[in-house]
Amino acid sequence: MRFKSLALAGASLLALTMTASAQVKIGFITTLSTPGGYLGEDARDGFLLAVNEEGGKLGGVPVQVLVEDDQLKPANGKQIAEKWLESEKVKLFTGVIFSNVSIATVPTILEAGGIFVSPNAGPSAFSGKACNKNYYVTSWQNDNLHESAGALAKKLGYKRMVLLAPNYPAGKDAIIGFKRTFGGEVIEEIYTSLDQTDFAAEMARVRAAKPDAVFQFHPGGQGIAFLKQWAQSGLKDQVPMVVASPSLEQKIVASVGDAAIGIAGTSHWNGDLPNEANKAFVKAFVAKYNREPTVYASQGYDAAKLIASGLKTSGEKLDADAFRSGMLKVDAKLVRGNFKFNNNQHPIQDWYEIKAVKGTDGKVVLQSGAKVLENHADAYAKDCAL
Amino acid sequence: MTLVLEQILNGLQFGLTLFLLAAGLTLVFGIMGVINLAHGSLYMMGAYAAALGAQWTGSFWLALPIGLLAAFAIGVGVELLVMRRLYGRDHLAQVLATFGLILFFNGLLAWQVGRAPLLMNGPEQLAGFIEVMPGLPYPIYRLAVMAVGVLVAVGLWYLIARTRMGMLIRAGSTQREMVSALGVNIAQLFTLVFGLGALLAGLAGVMVGPIRSVQIGMGEQVLILTFVVIVVGGVGSVRGALAGALLIGLSDTLGRAFAPSLLKLWMSGALADGLGAALSSVLVYLVMAMVLVVRPRGLFPMEG
Amino acid sequence: MMRQRGLFVLLLLAFIAVPFIAGALGNTYMITMATRVLICAMVAVSLDLLVGWGGLVSFGHAAFFGLGGYVVAIAATHATQGGDIFGWGGTNEALIAWPLAMLVSAGAALVIGALSLRTSGVYFIMITLAFAQMLYFVFVALKVYGGDDGLSMTSRNLLAGARITDARSFYWICLILLAVVVALVGRLLNARFGLVLRGAKASERRMAALGFPVYRYRLVAFVIAGAIAGLAGALWANLGRFAAPDMLSWLRSGEFLVMVILGGSASLLGPVLGAAVFLILETQLAAHTEHWQVIFGPLVVLAALYMPMGLWGYVRGRSS
Amino acid sequence: MIAALELKGLSKSFGALRANDDIDLSIREHECHAIIGPNGAGKSTLIGLLTGEILPDRGQVLLFGEDITHWSVPRRALAGLGRSFQITQIVPGFSALDNVALAVQGRSGHSFQFVADARADMRLRAPAIEALEQVGLSARADVMSEILSHGERRQLELAMALALKPRVLLLDEPMAGMGPQESALMVQRLIALKGQVTIVLIEHDMDVVFALADRVSVLVAGQVLTSGTPDEVRADRRVRAAYLGGEVA
């Protein structure tokens, strides 16, 4: 008990001495442990790269970025937010990767008068009626990922499809999102369980259903296992597959190798997008971290650039309205190119076709193709009163 | 009909993969009486070592011994540093210590190797299919995994029933004093057995590397299902682990394969898909509960 | 016994001091943190009833904690946003929702306990773990109540119609409930029931030979512990105004076990101490390095190897 | 007269081993009936079958004429079947008195009482003190049970069995690990019990057996070789051959 009070008193004393500086503090709550840790790691590194390039500033304002691991536990995200709001007087938050952490954490921040800029999660809970003028999503509304995949499947002319996703809300949302733009016939919806590592049974079902193509949404490790087993089962050469960005991103491709070749994906960003900002970003990222950036790194970087746009107008004071006017102006060159905020402060942007190809060095890399959707917004914006 | 056979084959294959993991865990419990939550971590370390080895050497066949050796070495290290202080202790201390090990190994890999999943390909020679019966092609690699599972089962049976070491192992679990009076170094024997358990975990990790994701936390994902397997089979019994693994593997796979279509006989398609998924995800736990009601100590309880 | 009581009072005074210290420092986060400690301490005390006093190593205690949290969150959701569950429109009143949370958790503990207690030792550990994991996946998949995303409450429960808005009043409520739980568990352990439970830990055969149907006593203990964990879950959901499947995850169960053992099992107040040290250590480490697990893991191992009596063993050892 | 304890055709096998094979035995009320036999004769299995820790493959156990073959251990205990353990089974952390009070509590039926301090309950304490006096341990009533000497623990073991006020008392090697002096004292105490309670005594020490037993049954290879008075058994040539010759000589 005595230890406890001492530790707490110590922590708060530390906090008091640190609040004396004139920087804007940015609270970067992200997932660094658990299997999802690499998403947070890349988002953080992308974000810090942008801060670094400006010499510790964003939009000309000196910033200090506090980073902490939420362990993919909603309560931890909320706890870190409370701690920083209170003892570090942080007003501007970002970094959260997963929707569940976001849903628990964001209300705490907004109620305390803080600002939240999401570099990844865009849950529908906050994109419609519950939108907020201090809540920005710079990546995508969750459904966009799957809508773009549905649009791609339609564009490729598939008529009868089997859809697979884990049996939890994000999986079901994926299937709903896909169907919204696909328009063809869904022969079967197969739900896998969230702890599943072997998909042989589902693949046999797909084989038996004889679809034109399949759409599957399995993020992270499950997606990797799915792609490996898909290639191994021989279905890869028989049934085309369409996926959204979380199931075909740089790390997944790197860890499945040849099994990814031939799969059709979509994304709002890729390393080979020809704009100048992107070329510079990829080069700088590789130079600094000695690895290729992922889509999460690009999102972290873009989030930083957008925050810079807000800080340019708000300055060190960080007045929420001034910040908002700067944010909505989008006075920044984003690596994904075309971007503006919708009325619900979620993106309106382009989605590209993506595919994995054998690079010149024998490694499998992602290559972007034609636009699948242009100036695509989300379906919830109409419910937002902003 | 082919579909049913294929799904049964899938179930057997999944069951044998589970067996690879369960065998080491149940062996260690049966002989030393310790519950090792970090068994999944040894599986992960084996897979990581093999994946890194494959990147380095460019060959699955070289990566295989690297993974096994690493798992064995880590197992021996863990036994010498931690486990041997836990033999006389209650399960509580064992649970706590091995829980700490899980955190450590996950943290260590994130820190030293990185958080992103690793690439690991199967051997070229085992790519492709064999037509196991007309109209049913099956991936060679999966058949190889099954073969390894069968080999491990036979090998363990031989080791325990027919060799001097097996005799010592059997005696070690019941009559420690007598065996040590015979001049056998029990401490060394236990280190070796724990290493063997770790090696089996590592083998499981290496074998599934090419068909699953080699990533942090991969051990915990399978740990609980492994527990279900050995609880159903009878903790400590290798035979039980095999029976439990096949039962769980088959019921899980067949549930996922056929529950939705069976339900469609009574209800609408979308509802059946949803309910079927929900049902098949809890099916293995229901099987476990049913086995426990009938046989609280599993299908093949350990004697004594 | 006297010493135990003296330490109880000391600990209580320390907890009473927290809001005043926090007030003096102008730091309300400290109160939230301390509330978290109180709630986890409550779970740890209930778990210790099984683990330390009953010799039943349950690795699925988080299931009851999570269930309690969900009961409150689901009831509040229906009360504020309409809809019903099993024909019931929900409530935002703590005096109804919290006992209900205890009741539901107790019911789940009755079913899980009835099956798990047919076994013992390592079987029991694995089976409680497996059942908890099953419930975890049920909530992850439960789309109506948010599934993986969790379920938010628009506000805290009303206590007899009154709002509990500020951190301080909620802290007092948690403190009072924890004190009541500790006192009741303390009484229970020295009542006839508790003596049977403790006797069965030492020798199940002896207790059976004395005419005690041990299974029944253990099941009742399991249900009581489940109910207390349910209450703690209800408080946790109120603290964060949020319930999520991670409340039921096996990692949580593991953390609760660590709290019990770190503090000292079979010591009544040890788990309270364990919860405090665990949470502070974890948050401090995580705040200072992203690789906190590499430090925290070995610390847990060392505690398991070299502190069989837990921290409480040292505290009591020094004061005697 | 109804036998206090009657076994009819009781059999139990473990795999191929017939641990108890068709055992018939009748134990009269208030007698002290010793069961002897060489190691591996099936005495432990028989104790298990009597107490209910092991269920038989065939046969019946009757307690005062009532069929208790399928009763659980606690139910048998409440019906009046008390026992002591070969390896002391006491609760550490509890005083000697606490341990015995627990036995009194067991006798009193259900213990689902959650609040009142059981240690302040004279309904439990008084009979417990009585039982401690009976075995000569009352001076050590407040000592923690794990601190007691081995002999004292054996006394405590007996006190716990007695506190249950059993009609039939199963004593599983009550002298195990005792020195000659302690052993003699224990014999004195058991003699004092004779006539008040039916005693089934499993014992290795032949001096003890012949000092205490009214009748003796000899168990060899899972079967009852013979039953009779100590003198009859002593005189039985088969017993000498199978057992006494080997062990006591």
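In this document, chain identifiers A, B, C and D correspond to the written order of the chains, with residue numbering beginning at 1 in each.
Here is the rule we use: a residue touches a chain if its C-beta (ideal position, glycine included) is under 8 Å from a C-beta of that chain, and two chains touch if they have at least 3 such contacts.
Just so you know, these numbers come straight off a predicted model, no measurement behind them.
Asker: When the C-alpha atoms of subunit A and subunit D are each averaged to a single point, how far apart are the two points in Å?
Answerer: Here the centre of subunit D sits 72 Å away from the centre of subunit A.
Asker: Just give me the whole-number Å value for how far the CA centre of subunit C lies from that of subunit D.
Answerer: 43
Asker: Can you compute the centre-to-centre distance for subunit B and subunit C, using the mean CA position of each chain? Integer Å is fine.
Answerer: 32
Asker: Centroid of subunit B to centroid of subunit D, CA atoms only: how many Å?
Answerer: Result: the chain centres lie 46 Å from each other.
Asker: What parts of subunit B, by residue number, touch at least two of the other chains?
Answerer: 106-107, 110, 224, 277-278, 281
Asker: Check each residue of subunit A and list the ones that touch at least two other chains.
Answerer: 32-33, 167, 193-195
Asker: Could you draw the chains as nodes, link the ones that touch, and say if you get a line, ring, star, complete or other?
Answerer: other
Asker: Touching pairs of chains, which are they?
Answerer: Going through each pair of chains, those in contact are A-B, A-C, B-C, C-D.
Asker: List the residues on subunit B that touch subunit C in their complex, please.
Answerer: Contacts found on subunit B: 29, 35, 82, 85-86, 89-97, 99-108, 110-111, 220, 224, 227-228, 230-231, 235, 277-278, 281-282, 285, 288-289, 292-293, 296-298.
Asker: Touching subunit C in the complex: which residues of subunit A?
Answerer: 1-5, 7-9, 11-12, 15, 32-33, 67-69, 71-75, 78-79, 82-83, 85-87, 99-100, 103-104, 107, 123, 125, 167-170, 172, 193-195
Asker: Under the definition above, what is the set of subunit C residues touching subunit A in their complex?
Answerer: 10-11, 14-15, 17-18, 21, 25, 27-30, 32-34, 36-37, 137, 140-141, 143, 146-150, 152, 236, 240-242, 244, 246-247, 273, 276-277, 280, 283-284, 286-287, 290, 292-293
Asker: So in the complex, which bits of subunit A are touching subunit B?
Answerer: The touching residues are 32-35, 37-38, 41, 167, 188-198, 200-202, 204-205, 208, 220-225, 228-229, 232-234, 251-252, 254-258.
Asker: For subunit D, which residues are in contact with subunit C within the complex?
Answerer: Listed in rising order, the residues are 51, 53, 72-75, 77-78, 82-83, 85, 89-94, 98, 101-103, 105-107, 111-119, 121, 124, 160, 164.
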